[in-house]
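The following pair of complexes shares a single chain, subunit A, combined with subunit B in the former and subunit C in the latter.
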Partner chain A sequence: MDKVARLRQRAKELLEKQEVVGVLGYRASSRPGISQVAFITKTEEVDRLIFDATCSQNLANYLLKVKDKGKVAVVARGCDSRSIVVLLQEKQIERGQVYILGVGCEGVIVQGEKSVSCRSCQYPNPVIYDEMLGEEVHFEPEKVEDEFDRLTPDERWQILSAEVARCIRCYACRQVCPNCYCPVCFVDASMPALVGKTHNVSDNMVFHIMRALHMAGRCVECGACHRACPMGIDLMRFNRQVAKIVRERFGLVAGAKPDEMPALTVFKPEDPQEFIR
Partner chain B sequence: MADSSGFEPKIVAFLCNWCSYAGADLAGISRMQYPPNVRVLRVPCSGRVDPFFILQALQQGADGVLISGCHPGDCHYLTGNYVARRRFAVLNDLLQFCGLEPGRVTFTWVSASEGERFAQLVREVTDRVRKLGPNRKLKKE
Partner chain C sequence: MKVFLKNEDLKKLLARFVQEGRLFAPVRRCGYSGWDRVSSVDEVVLSREQAILQGEEVNTREPAKIFVFPRSETLFEFEGEEAVETGEIPELVVFGLRPCDGRAMAFLERFFVGNGPEDPRVRQRREKVTLIGVACNSPADSCFCTAVGGGPHENKGLDVLLREVAGGFLGEAVTSKGEELLTGFPEATAQQDAEAEKLKANAEATLALKIDLNRLKAALDNGFASPIWERLTLECVNCGACTFLCPTCHCFDVFDETVRGRKRRSRIWDSCQFTLYSQHASGHNPRLNPAARYRNRVMDKFKYTVDMLGEVSCVGCGRCVRVCPAGIDIRVAVAEILKEAAQDGR
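Let's turn to the complex of A and B:
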């Protein structure tokens, strides 16, 4: 039995036994190449569920929106499950509230190409699950060569400021992020107004630096923000960098281990401090 | 003091109430000479320094920022500076990644008894920022 058939069968069983109030997954949309998020609550609708390379949304984000309805089953790939781990660590959901249908993922295809974040993916299989649908997936992640580090500060600034200058501050990156859930986001705070609302380079850069900082030790590099950006800004450049900083400095990977807390919520007395004079 | 272009840097210093502010105070009451370029802001703890403070100082025209707290192990609140250290480490690396000149933002530990060290640090930081020139990157025009 293939993944999708197994998914439909298990969704039906879970709903029939009333173990869950709904199943969070994907269904086909009217547009080819793009799937929609589906919250299935009726057994007769389980045949709508699909799982393929067009399923690009991170379902952990939608989990936050339906968690108050009761126990929910959720389809989770590697990145989705790591987002769920971060939400569990941050006490946004309880483990007993979710039933995780794990699924191996070979990467998301967007407009005929494998998504940037998926090419170097180290976690195609879920790190936590209640059951696996189908086999685990194994593939060799591409090495991302970043020439960027070798440029001078001025060159780096020029490239990045030209990039963020295109930002229209629509905050789509924030909306799709499974780990952005603050009731009042720093960009909306008005007392004090922490970040300017205009889209000049200075405000845009501060927004992107602060967004990346907030994701430090929490971003699972699912690439949802990158795919959501209407201006095609390479947001993963910031996220990949903070993930790298956290990995190299503190030896932590966001959401990889359920018993390890996010990097910036803990400390060690012997943390490196060569940057402090 | 000024170089040939007449540029004098404005430096915003966030000093923790319990160590660095007292250290700066000691430098003052000991009549130690140091450049008048720093504007001191007293914060309860280096852990209180939100990265926003630093970015906003730069946006609003500071040429350099100095953040100073108690030495590790000496925090009045026990662990404020340890938590801050991780945050500053990521911020510092990220600012360099974005292309901000190394030396614009300086992190230090100064204890209440290190008046001379504080004066020396201000001399160093002022010198370094003066050499870097005015902050043009993050400043809001």
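Let's turn to the complex of A and C:
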């Protein structure tokens, strides 16, 4: 039985036995190339569920929207499951609230190409789950040769400036991110306003840098924001860099291990702390 | 009168504006084309059809509204108690906008200028920009201009409409500004005219969707409290991509700020999809629910502007369909609303 058939069958059973109030997964949209999130609550609707390379969104984000309805089942790939781990660690959800239908993922395809975040994915399989739908997936992640570190600060600034200059501040990146859940985002604070709201490079850069820093040790590099950006901003550039710094300095990977807290939420005596000397 | 511009003629015409540093045209970025100031006429892909064949989207990612209603602009600066107008509005020429965007420009003009107190910035910007539209011979699957009253070869809102035919373009002046631009070019032949008409018919034939706008309006008139909005919006993440890239969305926020000692009042695009948009000073928010925010967008396109100006404000460009990170399609929403209304006997 393939993954999708198994998914539909299990969704049906979970709903029938009333173990969950709904199943969070994907369904086909009106267009090829991108699927839509589905919250299935009726057994007769389980056949709408799909799982393929068009499943672009991170379902952990939608988990926050439906969590108050009761226990829900959620389809989770490696990245989604890591986001769930971060949400658990940050006490946004409880483990008992979710039933995780794990699924191995070969990567999201965008316009005929593997999404940039998926190419170097180290976690195609969920790190936590209640059951696996089908076999685990194994592939050799592409090594992303990143020239960024070899550039001078000025050169880096130029690259980032060119990227954020296109930003229209629609906040799609924030809205699709499961770990951007603040009730009032820093850019929306108005008394006092913390960030300039115009679209000049300076204001845009403040937004993007602050976003990246808030994501430090929490971003699981799922690439949902990168794919969501209507202006094609290379958001993975920011995410990758932040994750790399956290990995190198704290030896941690966001959401990879449920018992390993996010880097910036715990203090360890051996943490690098030259900056407070 | 319809004139014919050979490709070289058009290039020469555009080159003049490039030289003056005031030509904007679709320039290929990362998988889409966006509006950029062109520094060499060779950057301009004259044939939008060719661009599509090379993998570009049918239309620019950002709508042409940015030329009359930019993402952010300083309205004036303060010197002491005095407000001082700032920023000379430049004369621009925009080449390559689509008829849907032209129609949207007409809507914005009507909204900002011909509807009660006029917005001087928008009026001045529209006066100072020349819009050279290019008709669509190959609409995309996300396009639906004919369903909302437009057409792939429509000239509304433009100064000049160009229709691509073999070897060049059929030029049609829409305004006096456009007439000036097209003086001196030879009249198009009957054969060229027939070719353009055929391409128009072909393009229209690919746009199959029909929407009964009157019935939709009636459904929305009675649909405010419908449970359908909840159902339609689970997927919506309430970002502003659809509204910001919509060629007719026109909401803005105004604020004062001091930058390096200079005080100014600016305006930026705002979106009804944001919670902050409807936040009252008291803290109360009548549209806290995401479904209410999505409802506002659909209502605005197909009901509110009909009530206010007598026309729908969706031009069927399909941008919101193409860019939605959640895969939401406004055509599906419309179909569902009509279906629900029919079931309820509304």
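What we mean here is this: the second predicted complex is superposed on the first by the 272 of 277 C-alpha atoms of A that agree within 3 Å, B and C clash if a C-alpha of one lies under 4 Å from a C-alpha of the other, contacts with A are read in each partner's own complex, and residues count from 1 in each chain.
Definition applied: a residue touches a chain if its C-beta (ideal position, glycine included) is under 8 Å from a C-beta of that chain, and two chains touch if they have at least 3 such contacts.
The structure displayed is predicted, hence computed values, not measured ones.
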item: Combined model on subunit A: subunit C and subunit B, fit or clash; value: fit
item: Subunit B versus subunit C as contact partner of A:P269, first or second or both or neither; value: first
item: Vertex subunit A; arms to subunit B and subunit C (CA centroids, nearest 10 degrees); value: 90
item: First (subunit B), second (subunit C), both or neither touched by A:A228; value: second
item: Which of subunit B and subunit C A:D188 touches, first, second, both or neither; value: second
item: Contacts of A:R169 with subunit B and subunit C, given as first, second, both or neither; value: second
item: Subunit B versus subunit C as contact partner of A:M205, first or second or both or neither; value: first
item: Contacts of A:A216 with subunit B and subunit C, given as first, second, both or neither; value: first
item: Partner chain(s) touched by A:G196 [first = subunit B, second = subunit C, both, neither]; value: both
item: Which of subunit B and subunit C A:A11 touches, first, second, both or neither; value: neither
item: Smallest distance from any CA atom of subunit C to any CA atom of subunit B, in Å, after fitting; value: 6
item: Overlap of subunit C and subunit B interfaces on subunit A (superposed complexes); value: 196, 200
item: Residues on subunit A engaged by subunit B in the complex (per definition of touch); value: 149, 153-161, 186, 194-196, 200, 202-203, 205-206, 209-210, 212-213, 216-217, 238, 241-242, 245-246, 249-250, 263-264, 267-269, 271-273, 275-277
item: Contact set on subunit B toward subunit A in their complex; value: 51-52, 55-56, 59, 72-73, 79, 82-83, 85-102, 106-109, 121, 124, 137-141
item: Interfacial residue positions of subunit C with respect to subunit A in the complex; value: 29-32, 34, 61-62, 71-72, 141-142, 234-235, 237-241, 243-245, 253, 255, 257, 259, 266, 268-269, 271, 274-276, 321, 323, 325-329, 331-332
item: Touching residues (chain side subunit A, partner subunit C) in the complex; value: 29-31, 34-37, 39, 56-57, 61-62, 65-66, 111, 166, 168-172, 174-176, 188, 190, 193, 196-200, 224, 227-228, 230-232, 234
